[in-house]
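Per-chain numbering from 1; labels A, B, C and D assigned in written order.
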Amino acid sequence: MRVTVWNEGVHEQDPTMQVRYPKGMHGAIAGALRERLPGVEVRTATLADPGQGLPDEILDTTDVLLWWGHVAHDEVDDALVARVKERVLAGMGLIVLHSGHFSKIFISLMGTTCSLAWRNEGERELVWTVDPGHPIAEGVPQPIVIRQQEMYGEHFDIPQPDELVFISSFAGGEVFRSGVTYRRGRGKVFYFSPGDQDFPVYHQPEIQLVLANAVTWAAPPAERVLPAVSNPSAEWFLT
Amino acid sequence: MRVTVWNEGVHEQDPTMQVRYPKGMHGAIAGALRERLPGVEVRTATLADPGQGLPDEILDTTDVLLWWGHVAHDEVDDALVARVKERVLAGMGLIVLHSGHFSKIFISLMGTTCSLAWRNEGERELVWTVDPGHPIAEGVPQPIVIRQQEMYGEHFDIPQPDELVFISSFAGGEVFRSGVTYRRGRGKVFYFSPGDQDFPVYHQPEIQLVLANAVTWAAPPAERVLPAVSNPSAEWFLT
Amino acid sequence: MRVTVWNEGVHEQDPTMQVRYPKGMHGAIAGALRERLPGVEVRTATLADPGQGLPDEILDTTDVLLWWGHVAHDEVDDALVARVKERVLAGMGLIVLHSGHFSKIFISLMGTTCSLAWRNEGERELVWTVDPGHPIAEGVPQPIVIRQQEMYGEHFDIPQPDELVFISSFAGGEVFRSGVTYRRGRGKVFYFSPGDQDFPVYHQPEIQLVLANAVTWAAPPAERVLPAVSNPSAEWFLT
Amino acid sequence: MRVTVWNEGVHEQDPTMQVRYPKGMHGAIAGALRERLPGVEVRTATLADPGQGLPDEILDTTDVLLWWGHVAHDEVDDALVARVKERVLAGMGLIVLHSGHFSKIFISLMGTTCSLAWRNEGERELVWTVDPGHPIAEGVPQPIVIRQQEMYGEHFDIPQPDELVFISSFAGGEVFRSGVTYRRGRGKVFYFSPGDQDFPVYHQPEIQLVLANAVTWAAPPAERVLPAVSNPSAEWFLT
């Protein structure tokens, strides 16, 4: 299995990020995946890379793509979004992280605004498992305690998830559907909200465990097939 | 439409209940429904009534049944549970309240243990709408604030809901899927956790609004049909 | 309630259509809705009308929009699609008909290709109700028999429906999820496949009944609210 | 992984069965699983065996249980059904076959009548995949053709499935949701209708492939935990 961790990589230019994420958030996530998923090939890519980090030779060899974006959503080429979407519908797994809820690719797959309530005061988040038999929740403590995190709250304008795995509460009292899965075409999609540029959440072992579980879960079926756009059927014709 | 509010009516024998609920919780709920749903006939029934409150002449003329139980779940006759279930599958609406999560009828319709985490320290509950277009949430403030309530927390062992309408958080940090809907046969089922014998929650206008919305939502289709147990089909035979 | 039946209106230029649908498919559908839903205001609109039939003054006064398109999907302005989508997310009901599965608005709300298998040999379609308690199925015979219809078959590349109401079989042996519902934002969406320019399906009473039921079901909640795109939340801040 | 194929084993006493299934349907299924899933331990059990085939020492060492029953549903002890259910909720996979739709264990997990329409004329069944990315459908042809099979038709009175994988059509024109999944507690449940005592369906390679895929899919998570019935929570108490 080959995993690509894509990050817009803009916050990483902020000097304070060097302390929290010296290798960038993508570097921290990729390192955690390499450690927890031996045998899986993990690459990173950023917006500043050639082809915005995802030329065909990368996308075509990616089984699961992780996506972190925030301030540069608009800079991602529409043509790249279309190519990523095509791969997801054909079977590539996609894991959308935190502020990626407003990425073009997530909005495009959901069909809704994907808006939510938010407040950035570094408050405590508790991540509760509501589907303990789900493979993404395997081994995860009840709850995960994140000492400081941006608050994301309801109403989160997404379609009803195929599976609701995690619900978070925040010190301020809000709740959020923080771990949700969807099938789109042949591809599996997982959105997971914990993780923010201002807090070292991606260094937390429980968060890394969720991401590793999600990569394993999102791995594509053996055969990837893009749904045909025109599909005349004659085989069963009225015999 | 005819609504029956069933309550085991055991806590009502406690003198302190006379202060909170002089007409019983069923009386408070029925009064609120009568006020908010003019034209709807609302009756109450309790375990001590003839036929445990739900003889055929009552059940057969009930479009939506509300169910509150706690310490006397085991005293409800299995034959009554079977008769209630038969009506639900044929189209009668069912609204299960609070500790009714452990009622025989709810467990029987869900197929799971319906267990949950709990703590009774009278802490603040916030009820957040996660499906603002749902008719049960219409006009409901975001969030509903309940000053004192028993905590119900995840994991709540229920099947994935057909629709998730409300999620609660508690002062202690727990979350709970506090408003969930299911279709079973032709009947609609709504479980709503706020409301407890120790706190005057059923007097709160926002809670009464949710219950009135839920009664309207759960009203049965025009035709109630019990699914046939044996159903040989010949009409389309190989013509 | 105000309903708008939109049709691209291109097939209507074919002389043979004058026999099947002298007032156009939109005219036939609108007439059926007026007859079955007294008190509901029903308008029609086509691509050739000013503003492609849906200027703001029409859209803003439409509670439920029906959409029929086929050969002119690409001619619908992207800006119009965006405006329709905004209304759906705010609460307007949307009923997508037959070849509208490939309309920009449906694809945009689904996030998938919406492709399917097809064959146009005028074969028998049987429409089976699989959710008999659903209001859209109320009064509908089991099955609806359509003597001649284009075949639409699986795999239909849509997200898992929130509710599956109808499944069709065809004389050739194929099956199709022919009646599916989704919630998107605050809006209800219903896709219904029976109905084609080559066959007089929209004159069939059972099909008209389904469309009238669907209009009633898709009617928006009292309050229409567009999900806010930026939604800072301070009210519950850490008190 | 350890798999137990349970069959009531009553039809097997019919002499004609010796031709179709000389080792019983359970023997045919177990043989197919052994061949397709090397490394998996596959046992068979029948109603006539000690402990009705499923004493604790068998159940406690079963990861996935397959269940075939028809004429002897009522003879299965309620206590055995309760023990099987307890294991499913704790994580054991359960695959219910054909006429097992009326088994006590399936009805108990579904909460509905599980009734359906039927006709036994040995007609052609086509099994169509509607969720091609689902692991149970991996490698399965579109459609599977079963030359002779009992017809099972809608309405099938089950809760809305968590995932709908297969829909069948029959020569008579009926449709049936023939492959559906549910999560109950921590356990995965798959119902699959093809397969009947009167036809050699379980010898068909495509059907064997589906069963092998389903066993792999239904394998339990690493940790099996029975949901606690009473679950007081103090850890997050109001600190």
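Worth pointing out:
One rule holds in what follows: a residue touches a chain if its C-beta (ideal position, glycine included) is under 8 Å from a C-beta of that chain, and two chains touch if they have at least 3 such contacts.
Quick caveat: nothing in here was measured; it's all calculated off a predicted structure.
Steps from chain A to chain C, minimised over paths through touching chains, total 1.
In this entry, chain B maps onto chain C through a rotation of 180 degrees when their C-alpha atoms are superposed, rounded to the nearest 5.
Chain geometry summary: the mean Cα position of chain A and that of chain D are 34 Å apart. Between chain A and chain B the centroid-to-centroid distance comes to 37 Å (mean Cα coordinates, whole Å). Looking at chain A, one finds that residues 126, 131-132, 143, 153, 155, 160, 162-163, 171, 173-174, 183, 185, 236 touch two or more other chains.
Only residues 89, 108-113, 115-119, 121, 123, 151, 153, 155, 157, 159-160, 162, 171-174, 182-185, 227-234, 236-239 of chain B touch chain D when the two sit together in their complex. For chain A in complex with chain D, the touching residues are 91, 126, 131-133, 135, 138-139, 143, 162-163, 183, 185-188, 220-223, 225, 236. Within the complex formed with chain C, the residues of chain D that make contact are 124, 126, 128-132, 142-143, 153-156, 160, 163-164, 167-171, 173-175, 177.
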